[in-house]
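Look at the two complexes coming up: chain A is in both, with chain B in one and chain C in the other.
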Partner chain A sequence: MTATDVAQAESAAPQIGEKSGRIRRFTDPLLFAAILVFGWQVAIWVTGFHPVVLPPPSRVFDILSNQGDFLVDNMLTTLWTIGWGFLIGGVFGLVSGILINYIPPVRRAIYPILVALYVIPKAVFIPLFILWWGAGLQYKLWVTSLLAFFPVTENTITGLQGVDREMVELTQSLQGSQFFTFRKISLPFAMPFVLAGLRIGLTEAFIGGVLSEIIVPSTGIGSRIVEAAAFSNTEFIIAAIMVVAAFGVVAYFGFLWLERKITFWY
Partner chain B sequence: MGIKLDGLRKVFQTSDLTVEAVRDVSAEIQDHEFVSIIGPSGCGKSTLLRLVSGLLPPTEGTVYLDDVPVVGPAGNIGFVFQSPTLLKWRTVFKNVMFPYEVLASQKNVSASKADFETRAHELLKMAGLDEFTDAYPKQLSGGMQQRVSICRALIHDPELLLMDEPFGALDEFTREFMNEELLRIWGETKKTVIFVTHHIPEAVFLSDRILVMSRRPGTILGEVVVDLPRPRLPEMRETVEFLEQVVATRHLIGLGAGDVPPEEVPTL
Partner chain C sequence: MVLKNAAGEQLPSSRLTNIRHRLWNSKELLLTLTAIVLAWIVVVDVRNFHPIVLPPPSSVADALIENPGSYASAGFITFYEMLLGFAAGGTLGFVSAIGIFYSPFLRRSLYPLLLGFRIVPKVAFVPLFLVWFGIGVGVKVALAAFAIFFLVLVQTLLGLTGVEPELVELGRSLKMREFDILRRIRLPAALPAIMVGVKLGITYALTNVVVAEMVVATNGLGFLVVEARSLVKTDEMIAAIFVVAFIGLVIYGIGTAIERRVIFWYFENS
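Our next item is the complex of A and B:
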């Protein structure tokens, strides 16, 4: 152990001020949101917009407190769709990514078709899906999983291809099998990429889940938004948007936290 | 482990390129010898190491390890690369234990896991890293990571150590320090070492013999027997004898002042 060893190891230790930074990560955005709400109120005073066009914050907060349960219930229904779509799409994305990476015929045959499926706007598919499965859960699952899978496929491929060739050679020099290399080297190495892809897929599924309820209303918060629009219930719409945003932010950062925990080394 | 290279030739063939990396390489390396292979970039040194380890099959010729022809990787060789290539998600200790896991997966282990673990601790201690046993690679400097890589290459007690420009990515001071560390570790374990480098003073400081390779297609131009006493001390780098060996090596490569590189000598 030399002096340089110790010095270099110590520079990896946490610095002063990190603790207060952690609290500010929560308070700063809330402060900013409060400023935005205030600005919103000011905008109403200044412009005198009709409450149907832009309701004041107080009315929106009324809805949030009085109909909070209703909003959350519907959001949870939507979340059910999103969650399952994300799971199905994620698993399919991971498997297809692995197959495409390791089996050249699969890559040549299937990859362009997957790109096509992803690139076509899902709105184009929706009338077809409704024709096939009706306006229920099934069609929504198709939409969300189609949206979720491709980022996972792409990132899985990228992650698997980035493995150090020398690490593979080391394993080969010790007569290790290809499966051993995959399990102990490629897969862990690809993890940060796969999880990032899943996070993107989750976001896409989230968006797609709400959107599919708006295009063909049945259950879930997107449907309630469409109904409110029919009654010009603008404050409900804004309240619903806030609920969607809140859940989305929690889901996103929650997943990010999970990512960092699992791939701590990255 | 004694090594014999007999008329080795390696040609790489892709759809649009044919590259002859190594041509007609023959050499003999004794047990416990420390041999450096030196040559310009791209001369096939790394290919040669992969031929010796059995990772690549030769196009022509044979590699003999202890008089046994090599037909593929045999799991009795230690490999150190230019970059440490540690698994970032594992601790230093688990990285050193990696070869054990590979060998165990093929039911190819000669000792128990506990024996390997003891050996891992000993190696880390010998390399001066015992306080970092449970640290992660990203907490270590480049030189420290390379030391872990060396421990990893020794844990299954291979008789042959292949090192491919292991200190190439380090600065000069760290490189000299690592050279001394390597000799210390080698002195305690006395393996046969084939050390690839393109740094002449490094080759002179470390080796018993230096094999000089030509440009691609790589072939052995000649050898320099390093006549300096062991153990090699840092001060030796500043002696006349050391410089003489460096000069001899440089001339063999064809890099003496005013010398023309071999391929550019016109033939009539």
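Our next item is the complex of A and C:
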């Protein structure tokens, strides 16, 4: 139930700008970003913040142009973890969601535990994982895939629970096999929920990838942020956040686009 | 109250059968939970794990019983900061949502940015918040508020834009002022969506406070977990994890109860 709430929270949103023209949909956010950067600069002129507290935009852009490659390289390392974690968590989530839904005793036994695990802050398990798997890639993949796993499972179950009973019965009365019914009726019906779950899973995987690096810095963009924090290199931190944001936004809207393509009927 | 007196004799027994029914209905769940604990005991015993790797359940329980005060006080700090972060982020998100709703430019420009921004892990901002708000309460509340701000804002906007146009038309035809339309029509109709934001918001708040405590703080439950790890006291670490999980479940229950109370009509209709 929780994941469905999140799915609603995350999915319906982009319809808001639909009445505006295609061009303004792209120019207005850019215009706003420009205003934001200008306001940032003005704020520094007016208040005279020390660059450690708030560096001027020019310094951040300097970092982005001079050390952009370095930042992107680190982001790609993190993205590798995020991608694999998302894939593992997504596949396991999908499979276990289907299994849990179609085996009633298992559903009654495990579903409440899944909901409970979904609700509690899973970040507290990180130290335990470090203890068991060391601070390397294995641990990062565990964190990332575990975070991605829950929304996918939860949404798969919710989607399959909502399938129209009568349609299933109709197919079965026409001698449709169990697998046929699943493939032609249940799966298409549950698809929007599954995809929304995967999209939340992607968001969670981003959190997992960066969080696991911040807690044990070694490789990746999260580690670079922690390093920069140790040197009070605020402009570098802001630049790194911008790189993470850019990759995240592209991944998010890319997935949203894919989602619309797959469930075009929804 | 009169009714309760009249049914005074009936009530306890019916409540008892109710509980018995509930237990019977969740027999698989109870069996699984028992099996997990048993498996834990057996695995530790058979594989002969060192207590650092995986202590037996009994020593985790011991850690909880020996020192309940430290868990309670850490839990209180975390809970208090969670509430502060939730109040700050929720209020800001709610007010900004109304502002964005009434400005077509902001709706077109800021809203897509905010939407995309939700995928950015908020943990990355911890070093910045540390500089701006200081170690201790500041950074934790800031992180929690920051995360909830986006959630409540998007949920409120979602609710406000989903209001049926007929209702607003009705208000207009009755010559209501826009403020009254907002207060009496738009916001009540948007409440179900807002309540989802509130319910999830407290959960997000807890997660983010705990994460901030793990990364930088000097007290609270997240700190307790990290400290126990650096002291290699795995039993205390798992005990702290259980306390976090418990608080998480309790506040989710509270959130659901608030939701059911505030928008009872929504659940009655569906």
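Keep in mind that, in the parts below, the second predicted complex is superposed on the first by the 240 of 266 C-alpha atoms of A that agree within 3 Å, B and C clash if a C-alpha of one lies under 4 Å from a C-alpha of the other, contacts with A are read in each partner's own complex, and residues count from 1 in each chain.
We take it that a contact is a pair of C-beta atoms (placed from the backbone, for glycine too) under 8 Å apart; a residue touches a chain by one contact, two chains touch by 3 or more.
Not measured: the values here are computed from a predicted model.
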In the overlay, answer first, second, both or neither for which of chain B and chain C A:Phe253 touches. second
Residues of chain A touched by chain B versus by chain C: which partner has the larger set? C
Applying the document's definition of touch, where does A:Ala116 land relative to chain B and chain C: first, second, both, or neither? second
Figure out whether A:Phe180 sits in contact with chain B (first) or chain C (second), or with both, or with neither. first
Touching partner for A:Val37 - first (chain B), second (chain C), both, neither: neither
So, A:Ile103: does it touch chain B (first), chain C (second), both, or neither? neither
State whether A:Leu170 touches chain B only (first), chain C only (second), both chains, or neither. first
With both complexes overlaid on chain A, does A:Pro188 touch chain B (first), chain C (second), both or neither? first
Intersection of chain A interface sets (partners chain B, chain C): 2, 5, 8-9, 12
For the complex, which residues does chain C have touching chain A? 25-26, 28-29, 31-33, 52-53, 104-113, 115-128, 130-132, 151, 154-155, 157-158, 161-162, 193, 196-197, 199-200, 203, 206-207, 210-211, 214-215, 221-222, 225-226, 228-229, 234, 237-238, 240-241, 244-245, 248-249, 252
The residues of chain B that touch chain A in their complex are 50, 53-55, 72-75, 77, 79, 81, 83, 85, 87-89, 98-99, 101-103, 105-106, 108, 128-132, 135-141, 143-144, 156
Residues on chain A engaged by chain B in the complex (per definition of touch): 1-2, 4-5, 8-9, 12, 164, 166-167, 169-177, 180, 184-185, 188-189, 191, 263-266
Given the complex, residues on chain A that touch chain C span 2, 5-6, 8-10, 12-17, 20, 24-25, 28-29, 31-33, 52-53, 105, 108-110, 112-113, 116, 119-128, 130-132, 202-203, 206-207, 209-211, 214-215, 222, 225-226, 228-229, 232, 234, 237-238, 240-241, 244-245, 248-249, 251-253
